[in-house]
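Letters A, B, C, D, E, F, G and H mark the chains as written, and numbering starts fresh at 1 in each.
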């Protein structure tokens, strides 16, 4: 597995755990978590500067080996997403962008149609586009046609830690979609991430479950190990399940007809 | 001179151009991106963009996000 | 977590993935899997010698750093289990024994009452007893009283790879039982093992899912990583789930009231 | 001399004791355990246990198991 | 509950089990099933006449009290769906239409974007439109704006009998969407249908699980009863779950301090 | 199904929903619920009279057509259970008895060993014994040998409304045990009860979910309908699930090669 | 006369037998079952069971239960 | 006269109009719907629609579907 490299968005990535940087209690804690996980891809958001509080620059706390993918959170339609993506690139963030277009404030579910539009527009501008989306096959096919670098279907609502509640649909995406499938949102425990990788997902993106753990650095590393484990299992050929039992010790009659 | 900065109207006299503005706000140029009337202006060109009445400016930076 | 050592049966164990040695295509493959997983505790069975076939000695293929726990598979009642345990110890296997008493050939479900009896008898003889059992709180409490070193509730039928179908009951055991809870049987994928560890189990025992994988050594390592991940997550404080979403990027109005 | 070995009756004349028996069967002493009439006999004592009519002997070893 | 009437598409419906007419071994069996279920709403498809085989007219086997909703199965885009809907109406089918636009032949998953377009077009022509769709909140909101009479999210792939694998997303639709939510596709057992109704769905549509049962009439009635049960439970206020037990018999010390 | 009669404990029972009488807000509400469900078998507990409060007699509120099965709740071992069973019979309750032996106050999980002992003793005294038990095959087999009239495995902890969390084990009991399997405890919604019946259980016992519903009478009827639905589905031959879709409308090319 | 009733010690003088006791407590005979020193006594025999020092009596009835 | 019916080319001489066509095919008028060159024609108007070279006709009916 040492040469199991993910070729994505014009880059090669060894660590298939992408990490979001929101909600950490502070940047030092975040920094530790990213280091502990050996993160290679991290997401950031873009916001208006609040000049009252001279907050520190988050980029200074992201380890050098990490590649930063800005998201377009805050966008409510394709145009806003495009505008945010351009600002982020102007800010030096490179050409990857995670599209987030959300109108729904309760479940933070993505707007697949506006997300698709933004993907089309940004891919044409040369961005490597990673759309966060509802797990829908017909939309995912259009994302491929639009030139997306990957699709990022949700596991469950952002920050809910509810796990992979859309497993059935994600499994179909993995089978049918030829670009990487990256489960994003809702993964609450390392076993959720491991499960996604076993299904054949290319990567997962985790933020809340790490950031709000009691020990974020420990949890980051746990997720990282679980992602490796799930990937390795996928590559090692997971055996089928069976309805009945099948002995792991020989069943031949020990002592059965003995004295 | 009334200028809209990050959605709020401000009354500014002193800063003559974008470079002045960023300096006046105490911001680190490397940490922010400036959108001037919906057009992104790179830091090297800030000094050449003179502010005028009713300009709309967005000054943004990166923060934590998932 | 480097000092997260499991104190069990008079030993200290760092690797919480116990591995069964049945069903491997041959001993060399098994050996590789045990090495790859960094296994510390491995189970073996005891059987009548078939003098026709001069089979090799399995113990020669178990890495030196492993501690061997024989099981009593083949026993149909407590007396047979005791007899097998004694034979195994005479064979040099040390004082650990996993009790397996099974009459049911279809689902290979354990007989809790005979298993309890065997546990009582063997604990009195100085064995460290690890009873494989149905996930039952009242029986588990009696196992503690009988001097068991751990309880080993099943996740699903042996060799079925069906995962942790008894999760509800195992969670209760973990909360109520003060000796180590080790899930044994049915774990089909590393995410199952990870899930058990996140629940607070002390260890898991896996055999079939590793032995019959396409690449047993890869799968063994995957399980080992997943167990580490799950344990680390447990120690890092897994956050609660919530019914709604909770933004991981700041929700404050980016571009909302802008031009 | 009829002896029950691992549940099967065998007719043996040659082996006089357990050590003979194990040797005759071509088994490696270190790899097997012997139960003689329900009593475990350690390898060091095999030579001292003479076989007799109707003895019941189990010879077991370790195999793969979960 | 005798006055629990569903007001939908300009009609009032008492039986919330909608039944599809495909896959029955013959029309007489179908007829029996519809009668046994007391069906009020049944779907049919529209197909080219095969003049070689003078097949009977399905409408003659649909009980008089049933209202027929044609579907647009076979359509691969909005235009075809519209064309089929018009043909069906010309054939005397009334103004209800279930939109089905599918390009995917393996999972038969709907194309949400084309389905939305068809819904907009047909609602403008005065149809009562029931779009079969992937369970997506942002699309469902647009369906409401487009004038849909209901939304019909899928439970799992058509004909798979896999049940409600999209439960998390359907629950959100029920909470957020103000028009009726009708789960369509994949319901394999009456308990699946019951579950949907308990969640607050307005109705369910079942076809395969009834049509290919050993006894379709019996299964139709079973689904009908389960839908009633689920609806009644929803109206009766389902109690919350709790992590621990709560005695149903008094716990106060019977015999506890007695002789 | 009109002649689908359950022959159990020397009686014939048409309604396979057994109802517990605890936790209702008052006896009149309970009475309504029993009537609305058409209950035939109801359980009661036995307790010391509190002479201070002259409480009414519960039996006066149980409809005449119901047969009363006392339980032995409060018993902590076999002897107490036997003593309670005898008192109940002396009180005129007939010869059915549900064994409940519980030491665990948090999860109210049964003690399988003491329950088995009580079953043996009471069956010998001519009782029809219905042991509430952990879902364990080896114990269930002994219950059959001991002369139990049925086995009553738990779905989840009493009063938790968590549903059938032991489904895997109950399914095995249904396949292997030749006396009726009645799921008792934890069923929270009619769909849970329906699911049990679809699996082939002979009956279910529900108390808390009905008693603490907003409308207990409505919920009682909902459970009753769901049990009928599940039983009918079981008898009608539930079709298998499939991993892919299977069209319910003909797939033959409608409009595909048309103008 | 000290008698244990339902686990509590009571000091009774008046009631001479079980029938008296049930009456004194205001209970409806058809609704209760009486266990006298671990032996169940049917209602018809209550009048014949005289109470004596240190008797232990359980009086039970049916209540709601699952 | 070549006419496309339900996607297949047919060579028809006899039927002069849609009503003839339906009759010739042995179909029950009440059970079918006819689309003539993408336009739906109700049964009452069939007799008035004369067939001509290259017409495209769809004749459809209801079948089982979910």
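In this text, contacts are C-beta pairs under 8 Å (C-beta built on N, C-alpha and C of every residue); 3 or more make two chains touch, one makes a residue touch a chain.
From a predicted model like this one, the values you see are computed outputs, not experimental measurements.
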Touching both chain D and chain F, which chains are there? C
Whole-Å gap between the CA centroids of chain B and chain E: 55
Compute the distance, rounded to whole Å, between the mean C-alpha positions of chain A and chain F. 44
Between chain E and chain F, what's the gap in Å when you average each chain's C-alpha atoms? 31
Multi-partner residues of chain F (at least 2 other chains): 20, 22-23, 45-48, 71, 73, 83, 106-107, 109, 157-159, 162, 207-208, 248-250, 253, 255-256
Where in chain H do residues touch two or more of the other chains? 6-7, 38, 58, 63-66
Inter-chain touch pairs (all): A-B, A-C, A-D, A-E, B-C, C-D, C-F, E-F, E-G, E-H, F-G, F-H
Flag every residue of chain B that touches chain C in the complex, lowest number first. 4, 6-7, 37-38, 56, 58, 60, 63-66
Tell me, which parts of chain A touch chain B in their complex? 20-24, 27, 30, 43-49, 51, 54-55, 57-59, 68, 70-71, 73, 83, 86-88, 90-91, 93, 158-159, 185, 205, 207-208
Complex contact set, residues of chain A against chain C: 1, 20, 22-23, 45-48, 71, 73-76, 80, 83-84, 100, 105-109, 157-163, 188-192, 194-195, 198, 207-209, 211-216, 218-219, 221-226, 228-230, 232-233, 235-256
Spell out the residues on chain H that touch chain E in their complex, using ranges where they run on. 6-7, 25-28, 30-33, 35, 38, 40, 42, 58-66
Which residues of chain A touch chain E in their complex? 103-104, 106-107, 109-114, 116, 134, 136-139, 141-142, 156-157, 162, 165-169, 172, 176
